[in-house]
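You will see two complexes here that share chain A, one where it goes with chain B and one where it goes with chain C.
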Partner chain A sequence: MIDTVDLRKSISIEDDNIIKDIKSKSIDKLKLSYKKYKEEYKYTPLLRNIEKKFGSFNSSKNIKKVDSYKDLISTNDKYYIVTLNGTFIENLSKIPNGIDIKNLKDLSKNEQNIFIHSYSKIDDSIDDIFSSINSILHSNCLTFRIKKSTILKEKISIINIVDSSKPTYFRKCFIIDKNSEVSFSEEFINITKDGNFSNSVNEIYMDENAVLNYFSTQNINKNYHYNSINVFQKRNSTSNFHTYSFSGSIIRNNLNIKLLDKSCFANMYGFYAIKNGSHIDNHTSVDHLDENSISNEHYKGIVDNGSNGVFNGKIFVRQKAQKTNAFQSNNNILLSDNAKVNTKPQLEIWADDVKCSHGCTVGQLDDDALFYLMSRGISRKDAISLLLSAFSTDITEKIEDKEIREEYQLMILKELEGLNYE
Partner chain B sequence: MLEIKNLHASIDNTKILNGLDLSVNAGEVHAIMGPNGSGKSTLASVIAGREDYDVTDGEINFQGNELSDIGPDERAREGIFLAFQYPVEIPGVSTTNFMKTAVNQIRESKGEKPLDAVEFLKLMKEKMKLVNIKQELLSRSINEGFSGGEKKRNEIFQMAMLNPKLSILDETDSGLDIDALKIVSKGVNALKSKENATVVVTHYQRLLEYIVPDFVHVLMDGKIVKSGDKNLALELEEKGYDWIKVKN
Partner chain C sequence: MSKDDKILKEFTSKEYEHGWSVDFDVDQAPKGLNEDIVKLISKKKNEPKWLLDWRLEAFSNFKKIKEPNWSNLKIPKIDYQDISYYSAPKKKKMLKSMDEVDPELIKTFEKLGISLQEQKRLSGVAVDAVIDSVSIGTTFKDKLSELGIIFCSFSEAVNEHPDLIRKHLGKVVPTKDNYFACLNSAVFSDGSFCYIPKGVRCPMELSTYFRINASNTGQFERTLIVADEGSYVSYLEGCTAPMRDENQLHAAVVEIHAEKDAEVKYSTVQNWYPGDKNGKGGIYNFVTKRGICNGNNSKISWTQVETGSAITWKYPSCILKGDNSVGEFYSVAVTNNYQQADTGTKMIHIGKNTRSKIISKGISAGHSHNSYRGHVKVMRRANNSRNFSQCDSLLLGNKCGAHTFPYIDIENKSSMVEHEATTSKIGEDQIFYCLQRGIDEENAIALIVNGYAKEVLKQLPMEFSVEAQKLLSLTLEGSVG
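And then the complex of A and B:
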């Protein structure tokens, strides 16, 4: 069990009483979330790995020089937000009009109240020990306010730099006001060579008619990463999540969507191509609390020799949520006898007038198709690439923006080259 | 061109080909007939290099090279083409993209420059006309949702695109209506030359009226048990395969 004395000490330096109070409540919840850990992390021994590797959950308080990180920003990005070990680096960021990005502590009392109201209130910290730890140990929540009726067609990149030999904590809270539309892509870039741990929790509040596109790209080699995204949707809002994972010692993704109101729309799409002994765990849940909402979920993945995939998808349809449509599927290709996938759908339905479907498959590369392609003169390697990238098109074609879609298709082609098959 | 001697092949420890001999020269058309399950498709797959089959004895020579260590991709580049009895559906890959990859990999293996988009399109248009296949079909996923006849036509289209030396057509005629049969035969005949050879596997004498064979072979129990000219096909149609069994 985690040393709470140490954690209590770490929050004693907190000068804001409200935040201190929230944090100390999170400490009280630890016992509960630790209990749930055993069940929720059955196939993903993240806690053991982190304790063994880092000894303590505490992060480093050293502030690094930031100029050297400039090169990490892609020249393709029009707008970007840079954080370093969880701290917002404003002078490296470029923020479009219509959106306010500030540290929670730097907000006016008025603005703060709006965020505090949502902040740390209904995240998954009662269920997940890593979210609890994040709630306690993150130093400053970065707030995003997308103002009413702001339509931002250009995507905003969130570049999180991890440069620390101690665990790092990233905390963000988004409020997307009525009738706004915005797209983010988020990525974690690891600078240290010897393996680090980044723990990120995002809370996203979507008001009526808001539209959000959210892309995550995960390619972190020998590092550990915990990522929890918690979404709360109001009437007629639409969220589209696209999660692409390629490597990581252990990556755990929690994506939890609550459809609080009528006529919400949630889409969760994921693709993983896991190699070099990586372990990638996608845990998702969508909770239909009111009538007439639609959720679509489709994750597909390719797992190579010695790598591990985990998928767990929960769908809740509450009694009030009549006329719900909820679809879920997860398809996997294992490239060797030594590749593993654990996939589990979980449906809990209390309403009677609903349409739900779920299904998962675990298969191999289609030998007949491979022979067919090769019999036309295509090399084995290229034939496999063609088949695997075809396998991913179901997911990439869900990206509406042509430029972004092609960017991901190219990325996948490149990542497929690195897969080991027998 | 193709010289098969004493070929023995098995799959999952089941022996299917039992000492098969066959010799095909450039410029010739051979027909292979035989009852269901006698090993015709197996022979076709083994020639094309399908790795699931174990060749336990004998050899296949193609243009003087022994093929045993050569994969299906290299065999295709050497000029072997198999029109599948059951063409495979491949979701997510269009025939156009597939053919572009194939044509250019074959060209590169010969040290030729890959075709650019315009050249490729021109080649495609020309071959589409030959087998009367629509562009729309080719931009869809390979064979996915194609009718039986469309799949067969797609096979001949691919054959035309790759311009092989040895074409093996495994029951390309089955499932075709009369008009389609004519179109497909016309395509095959148009591609025929002194330098290449065709092996057609069929159950029906009808096809052989359009693609006239120089030799007809009967394959039974994994062996060629009888060979003759095109009249053998007529005789088979009349008397069935029992007639050969009895004679042996």
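And then the complex of A and C:
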């Protein structure tokens, strides 16, 4: 168990009393979340690995010079936001109109109140120990306010740079106001190569009629990553999440969506193609709390040598949430005998007038299809990558924007080349 | 009150049909659980030393393990010291024919509609009737023994076939398996033992009827089935228990061994007292059922119809060790009022080309909660193994819950695993179609639900399928769509 004395010491330096208060409440949640660790992390020994590697959860206090990271930002995107070890770097970022991005500390009292009202309220600190640790140890919460009726067609990249041999904490809080529409893509870039740990928690509030597209790309080689996204949706809002994972010593994704109001839409799509000892753990949860909402979930994965793919999808339909439609599906292809898949699609339903289903498969490439392609003169290698990329199309075709879709399709093709099929 | 509500009310207010109790002359152990009680049980049953040691080992393991809390059940605190662990109708003399059976007992069976004579004469089913933990009448024994089949009470088997028992007891469910299995291993009172020798196809369905009768007596049954090479047996287990206000604990263990080319079919209809409509009383049913396909080409098939018990905690499992072995699990679980069921299966694929199939149908009504919990594990060596799981839930009314927790762990690239689950209510269009054809709503629902469960019901042997269908329609007719 984690040393709480040490943690209490670390929050004593906090100068803002309100934040200090929230943080000390998070320490109390640690005990609760630790209880759930055993089941929630059944296949993913993240805590043990982090404790062994870093000894302590505390992050480094050294402040790095920012100019040296300028070359890293080679994004094609028009707008981007850069953070370093959890700290927002304004002079490297380019922010569009209609969005306010500030540190929680720098907001005016009035604005701060709006964020404090929501901040730390919907994260999964009670359920997940890494979120509780993040709540305590992050040094700075970055706030995003998308103003009313702002429609941004261009995607905004969030580039998080990790350059520390100690654990790093990222914390973001988004408020998407009424009738606005926005797309984000988030990725983590690791400078230190010898296994660092980044812990990121996002809280997203979506007001009525808001639309959000959110892309995560995870290709972090031998590093550890924890990512928790917590969404809170109001009436008629639509969220689309796309998560693509390719490598990582251990990656744990928590995606928790609460459909608080009537007629919400939530779409979660994920694709993972992993090899060489990578471990990807996707935990999702959709909680239908009111009527007429629809949730769709589809995760697909290709798991190659020595890798482990974990999927756990939860759908909750509360008693009040009549006329809910909830679908969930997880398909896996195992390419190698020392690859593993652990999947648990879970339904918990308390309302009777609903349509819910889940499906899950684990299998391999169809030999007949392979033979067919080879009989047409396509080499085995090409045939395999053709079939595998076709497998991924179910996920990529869900991306509405053509440019973004092609970007991800290309990315997947590149990653698939590295896989072997015996 | 709408028609739906009316029908629902009618349905939920139905009293338990088999609620009655017969007073026997009962030899009961004092309440409490300690080593002395374990020794007392063993002594009462004239058990050999090795079995007592085995019980004591299980008891010491039981003390070390904590009560499991992972299930999706709200289990009231059980005081294990407030239960009497042994009760037996006083043995007057050994019974050889039906005439010697207590007339009161025969009446009991007649009330249940399973009279021994009737069974003996008409259906050709050998019945090993168990009332409060001690077998009283065993029929058709001679006929079975001609073929070399051993079908007798567990305590009899301990004395007459000690080698077989010693070889197989605790091999599938070891003494340190889980909390309730440990408890059972320590204090089990009696049960059934069945051995089918090499190459023998058992000519009749073997069956036992369990009844919990003495008030406040936990029933700890132990069943062991051994099917030797190339043999076949179909085993039936049916349960009804009288109405009681206090909760009764039931922790049974069933072990099955299937050797090369053997096939075992195990069917259960469970209709214990589920508690009244306010959730008071009812049986706590914590059962460990597990079978191992030891040899190649062996097959174990579990079929269960669960309609009773206040709490059901039951996972009939198959360990598919032999190559080409097959495991099957068919289940219908119905819960009503405040019943809770957490049931499912485990399929562990170890051998090559092993196949398993899981069909689970859950129906919840009233304030009940019905969970499916399954585990499909394909080990690294299990090439070309195949699993198909389907677990559907039907909800009747908006105060009940249906939950699905399938764990799927795959470590072999040539295996194929499919899982699918749906949750829904009875479609309005389906009811409309029936109404339009002149079938009234109540019959339409019964028809649809029976159709929904048919895939499982048809797996039951003839003798049982009638009882099961009766039970289902009894519980479900008049339920709301």
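Remarks
Here is the rule we use: the second predicted complex is superposed on the first by the 420 of 422 C-alpha atoms of A that agree within 3 Å, B and C clash if a C-alpha of one lies under 4 Å from a C-alpha of the other, contacts with A are read in each partner's own complex, and residues count from 1 in each chain.
By our rule, contacts are C-beta pairs under 8 Å (C-beta built on N, C-alpha and C of every residue); 3 or more make two chains touch, one makes a residue touch a chain.
Bear in mind the structure is a predicted one, so any value in this text is a computation, not a measurement.
If you put the two complexes together on chain A, you find that chain B and chain C both fit without a clash. By the touch criterion defined above, A:S379 reaches chain B but does not reach chain C. For chain A, the partner touching the most residues, choosing from chain B and chain C, is C.
Of the two partner chains placed around the shared chain by superposition, chain C is the only one that A:T361 touches, whereas chain B remains out of contact. By the touch criterion defined above, A:Q322 reaches chain C but does not reach chain B.
When the two complexes are overlaid on their common chain A, residue A:W350 makes contact with chain C while staying clear of chain B.
Contacts of A:A339 after superposition: chain C is touched, whereas chain B is not reached. Superposing the two structures on chain A brings chain B to within 12 Å of chain C, judged by their nearest Cα atoms.
The interface of chain A with chain B does not overlap its interface with chain C at any residue. Remark: chain A residues 39, 43, 319, 322, 332, 334-364, 422 touch chain C in the complex. Note for the complex: chain C touches chain A at residues 70, 378, 380, 393, 395-425. For chain B in complex with chain A, the residues that touch the partner chain are 45, 48-52, 71-73, 75-77, 81-82, 84, 87-88, 90-93, 97-99, 101-102, 105-106, 109, 141-142, 158, 162. Of all residues in chain A, those touching chain B in their complex are 366-369, 371-380, 382-383, 386-387, 389-391, 393-394.
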